[in-house]
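Supplied in structure tokens, the structure appears directly below.
Letters A, B, C and D mark the chains in the order given here, with residues in each chain numbered from 1 onward.
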Amino acid sequence: MIGGGQGAFIGAVHRHAAGLDGHYELVCGAFSRNADNNLETAESLSISADRAYSSWQTLIEEESKLPADQRVQVLAIVTPNHLHVEVARAALEAGIHVFCEKPLAISLDEAKSLKPALAAKPVLLGLAHTYIGYPMVWQARHMVANGELGKIRKVYVEYPQGWLSEGIEMQDNKQAGWRTDPSKSGGSGCMGDIGTHALNMAEFVTGDKVNKLCADMHIHVEGRRLDDDGAALLRFESGATGVLIASQVCAGEENGLKIRVYGEKGGLEWMQMNPNSLIVRSLTAPMVTLRAGGGMPGLCEEAQARCRIPGGHPEGYLEAMGNLYTFFAKAVRSGQTGKADGVPGLEDGLRGNAFIETMLASTASDAKWTDFIASE
Amino acid sequence: MIGGGQGAFIGAVHRHAAGLDGHYELVCGAFSRNADNNLETAESLSISADRAYSSWQTLIEEESKLPADQRVQVLAIVTPNHLHVEVARAALEAGIHVFCEKPLAISLDEAKSLKPALAAKPVLLGLAHTYIGYPMVWQARHMVANGELGKIRKVYVEYPQGWLSEGIEMQDNKQAGWRTDPSKSGGSGCMGDIGTHALNMAEFVTGDKVNKLCADMHIHVEGRRLDDDGAALLRFESGATGVLIASQVCAGEENGLKIRVYGEKGGLEWMQMNPNSLIVRSLTAPMVTLRAGGGMPGLCEEAQARCRIPGGHPEGYLEAMGNLYTFFAKAVRSGQTGKADGVPGLEDGLRGNAFIETMLASTASDAKWTDFIASE
Amino acid sequence: MIGGGQGAFIGAVHRHAAGLDGHYELVCGAFSRNADNNLETAESLSISADRAYSSWQTLIEEESKLPADQRVQVLAIVTPNHLHVEVARAALEAGIHVFCEKPLAISLDEAKSLKPALAAKPVLLGLAHTYIGYPMVWQARHMVANGELGKIRKVYVEYPQGWLSEGIEMQDNKQAGWRTDPSKSGGSGCMGDIGTHALNMAEFVTGDKVNKLCADMHIHVEGRRLDDDGAALLRFESGATGVLIASQVCAGEENGLKIRVYGEKGGLEWMQMNPNSLIVRSLTAPMVTLRAGGGMPGLCEEAQARCRIPGGHPEGYLEAMGNLYTFFAKAVRSGQTGKADGVPGLEDGLRGNAFIETMLASTASDAKWTDFIASE
Amino acid sequence: MIGGGQGAFIGAVHRHAAGLDGHYELVCGAFSRNADNNLETAESLSISADRAYSSWQTLIEEESKLPADQRVQVLAIVTPNHLHVEVARAALEAGIHVFCEKPLAISLDEAKSLKPALAAKPVLLGLAHTYIGYPMVWQARHMVANGELGKIRKVYVEYPQGWLSEGIEMQDNKQAGWRTDPSKSGGSGCMGDIGTHALNMAEFVTGDKVNKLCADMHIHVEGRRLDDDGAALLRFESGATGVLIASQVCAGEENGLKIRVYGEKGGLEWMQMNPNSLIVRSLTAPMVTLRAGGGMPGLCEEAQARCRIPGGHPEGYLEAMGNLYTFFAKAVRSGQTGKADGVPGLEDGLRGNAFIETMLASTASDAKWTDFIASE
């Protein structure tokens, strides 16, 4: 693991998630550039001091010297955005699989620079679009692909949070600090941090791609350097249209990612904060609530494969990320390369960075529609 | 009552609502241009045949001849849109108060033409923006005005319906028929029918006004003549921004008007389909659910004044419209003129028609932002 | 109307409900034994002073002298319990239909005393078990009767309220006052006031009858004279079993009547505070939510007949009582006698009083099971 | 781990939960008496074949021979009930800590027999009353203990499931098989399996103890040998009263454990299927919803200590059990003996078995009240 020292947030999340199904053992890390933090984190995780490396470069170098059956197999990158690509590239070149936080890069160009490294070796790149790990998101995708809603007309995706309502980055909040710092976060704050999740969700569930958008991004807190809020009208390749909302200044909101998709015959609604339910509406039949869980009726195979326990025993966010880790482990074991089945990968990363840049371009433009920047 | 014959929808709604609090007695009507329908409707409502007039013109003419204490005091206009202004003007000129369905007119110019008639006599004009009749909408407005959320930053208003997902106007559905007919509905279908409610709600709760928007309206059903769907990015005079969604092709949705408002310190959420709850979020305190009903804690006076029965005994849509009717009756009794306290009036109607025209102009434009058309 | 003067609660509820559908005109009343209150109430309701009678006896006497087409047709009795039977009997004997609040009587014997009067004339007796007026309660009954759940095994009915958590009857709260006064309320407070609703709901939805129960009733507030809380284990004639909870000291609860019924194949859940939804569970299929409203899919005729407006426009408590009034009006017009179709009647009243007495007997007994007292 | 071979349910749950926080490594097991299953399970869990023991006796014997720093420290017992005590006693006597499924024993006497073993060595016994691992259950307990509801009056606890609605134990369903087999499950099916959870929840949240009850248990499926359903009226030591419902024939229900507690000033409501919310009602203030999650306002220390991630990222059942495992690990590390802080232990097990026996005795009795059998 690179990053995830004491005081970080997402590193611990990855460790819980990876531990859930027993496919991973944490063997080494460069958790922090602060030597004390690095060693204390390693100790608290029962990692021997000699594999608590002082830098990610050292980690890759030293681990590469170990016999194949002893060295790290999968590297989790949980640093701020500006380090993702540099670390990932080095790891991939060293033949180490990479499971990386999103957004993949601080620019689309930087993201593209990973392509050769990924193609050159039999390695995998996974991206922590965690919400794609939820079973009911797969159920939704399945039902759309299966034509159960008819041709899709509308896609509404929203992601309200409230935690950046005040300028807490100016009060030493570490999480807020790097996320609002262009040198660490890239060209966007809110859209990079959560807007990319919303876009990824919309495209994953529909199997469609946004090809034009009209955006309006804002900074609400005085002194803040990156957007904390925005929305966009969307047009998809298929002709569907929709709206994307992402905001970190919806005071009092927790983590309200929600998607609704409507076709000619019916609609779907899924909310991350109530993740085990998928509401299915129909023009001609009463509302149905599909429920996640082993043995629950009506679930497709992909959804079932992401439930560990019987219905009524709620699974949550860690289980969703655990699903990504577990599918990644299966891909490693089965010798897949490039993209792991069931796990977002390079293409999702490229779409994410293209989305950020398209949103910025549209916000800066007086024209209504801005073409989605090509991500290939 | 003008309109509201058998087979109509909203006429019966008005009659239920007006009957609720005992302030009205239905004494006359021109319910339908179909003479049989007109007479049967009158009979079913226990109205004597001689006050079941063959046309609205006759009604106004004949009622005006009756002694003041016998003639109709308040005329409810529940026809398709294209008749609203013509009937309303004649009634106002005859000194009869008017309670009219929305949108007020089929064009902004037509709406403006009511101004002189309303100014010339001691008469009232009320508009059936029914959702403003709900107590918790007043509670929301009160809390915003009272600064409980701090300066407002975001306004999200949405109104998904699904009933026009298919081309039922081509299958003889009367309600769908006139709503999708430009000669009866005006320049917009969805935005006139429900978009105006969404705009009215957003402006009512915030006490703010949209001054620019960027719209994208659509027709989803082949052969349909007016928009059945759309969305807009919003900018308000105060600097707040937001999103408005209105659609009648969200298959399976009933009548999902919902508003969320966020300020620097907290947020509010209200849903028409669960109208007796108002969710209050805060940056610093747990989520609170204020509840409508006599004796419920935390309600402002305006909200209390719109509750008939104790908490836990749900009131709904008819009660909301009943509140408009009852406040209108109080205004009549107390001799108010122009606008009735607590009831949307001419200004709301002008804003509604200006909204429709701004949405159409923006949809037709390649520019991102279109100024809200002046409604004065 | 007898009772329902200023300061009363349920009288106004009846007036709203009766006004909703236009079948009733309030023509006379004895609203209060306080002459000023009586006259002021009459005036506020636009009732002429000569039909604002000083007592219920006078009302019946004087109205009986009026020509048949002028005198009161239906008498609403909204007094405290101790007057129900006396007034109802006199009215029925005078050939006036009676729509009476529940519980019907202050004792089962008193309730039985109405039988001869009801049988002697072509009159109707309706009872305000208002919750039976909700469309989704009829839907639930229909589905049970139709075998959609299979043989019924379990019935859970609960009715938590909180408003009597403190001794407000000792602080001059009028509603609490008579309800906790044995001379006005009868032998039970909570079980008479809301327990009877719970029992009625359970028997109505299942079409079954409780034939044994085991009760535990309590007084929680010092100085209170009647029960404010209780629960019972239930056994039904069919072999089904269940639990009934009724309490007025569940601090903070509003009016939480809820019923759940489970059979061999599935279950139903309905909550009064969310009355337009009926949750349908199944052993083999996902959860379905049936929704009230005109045009909503899956509704039986009886449910449809109790919806005024399209789905998504919530109807509530007043509409439920309005349904009872409207079905009562139809019964009057069609010449029914004894019991009005669609409206609880004498038998429900007898069951209610028998329930109260059975609960009291069981609470006083050391034996586990007490047979339900015969109500015929 | 003893039990938890392929085809079992709860063993995998324990493994997920124990893996979540990185405090445990699974080192050995006797997963099944079927040798193939045992070895396959071990292999799938990356346990070396020499520590996949053919029986629990062998496991304890062989592990005891290993050096202290290599042998198993904590034994998870996830077998059917009849083996719990026998295995636990042997393990405790061998100085191995035990984390055992509930109910602790197949009889109260058997449960008591663990006392000497637990007292004789510096060992810990934990019991998988998993629901006590949820943060909001601790929040509820804290608020009751803190007097925020005033003196407690009512406790309603319910646990509806539907999975035993049919005789699936006669169709070779392994989970249903042993749970309905008196030789493996003990004297009760439903009350042992889920009734004990309900009782434990009620006593944990209130800090009070049931001292009398009146029960009615049933077998609904022909050929079934143990109760699948029941309910009881409860009386607590403090004078509070309540109702307990537990059923496995509520067709279509998943796992609906729910508790409501009402005091003189307010009430609490918590539902296992929506575990991150705690509803707080008050006589004098609007309803508040406390939410689990790092940084959420209003949480007590005990609740905070059981949240891994920020609010809005739902944690669920595995995290609740993970909390029990993690607190158990902390207790092991800090040298606690007997009972681990934050983890149900012997006393809870004794209460559970006493509850089962009291329920059986009451069901068999004609007397209304049966004293809760002493568990000490």
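General remarks:
Here, a contact is a pair of C-beta atoms (placed from the backbone, for glycine too) under 8 Å apart; a residue touches a chain by one contact, two chains touch by 3 or more.
In this text the structure is predicted, and so the values were computed from the model without any measurement.
Comparing each option in C-D, B-D or B-C with A-D by residue number, the pair that reproduces over half of the contacts is B-C.
Two chain pairs are in question, B-C and A-C; the one with more C-beta pairs in contact is B-C. Rounded to whole angstrom, the centroid-to-centroid distance between chain A and chain C, based on C-alpha atoms, equals 55 Å. The mean-CA centres of chain A and chain B are about 42 angstrom from one another, to the nearest whole unit. Distance from the chain B centre to the chain C centre is 35 Å, each centre being the mean of its Cα atoms. Residue positions 253, 282, 287, 291, 296 of chain C are each in touch with at least two other chains. Across the complex, chain B meets chain C through its residues 9, 12-13, 15-16, 19-22, 26, 45-46, 161, 163, 253-256, 272-275, 291, 293, 295-296, 308-319.
Contacts from chain C toward chain A in the complex involve residues 282, 284-291, 296-298. Every residue of chain A that touches chain B in the complex is listed here, in rising order: 149-150, 153-154, 156, 158, 160, 162, 165-166, 214, 216, 218, 220, 229, 231-233, 235, 241-243, 245, 247, 249-253, 260, 262-267, 280-283, 287, 365-369.
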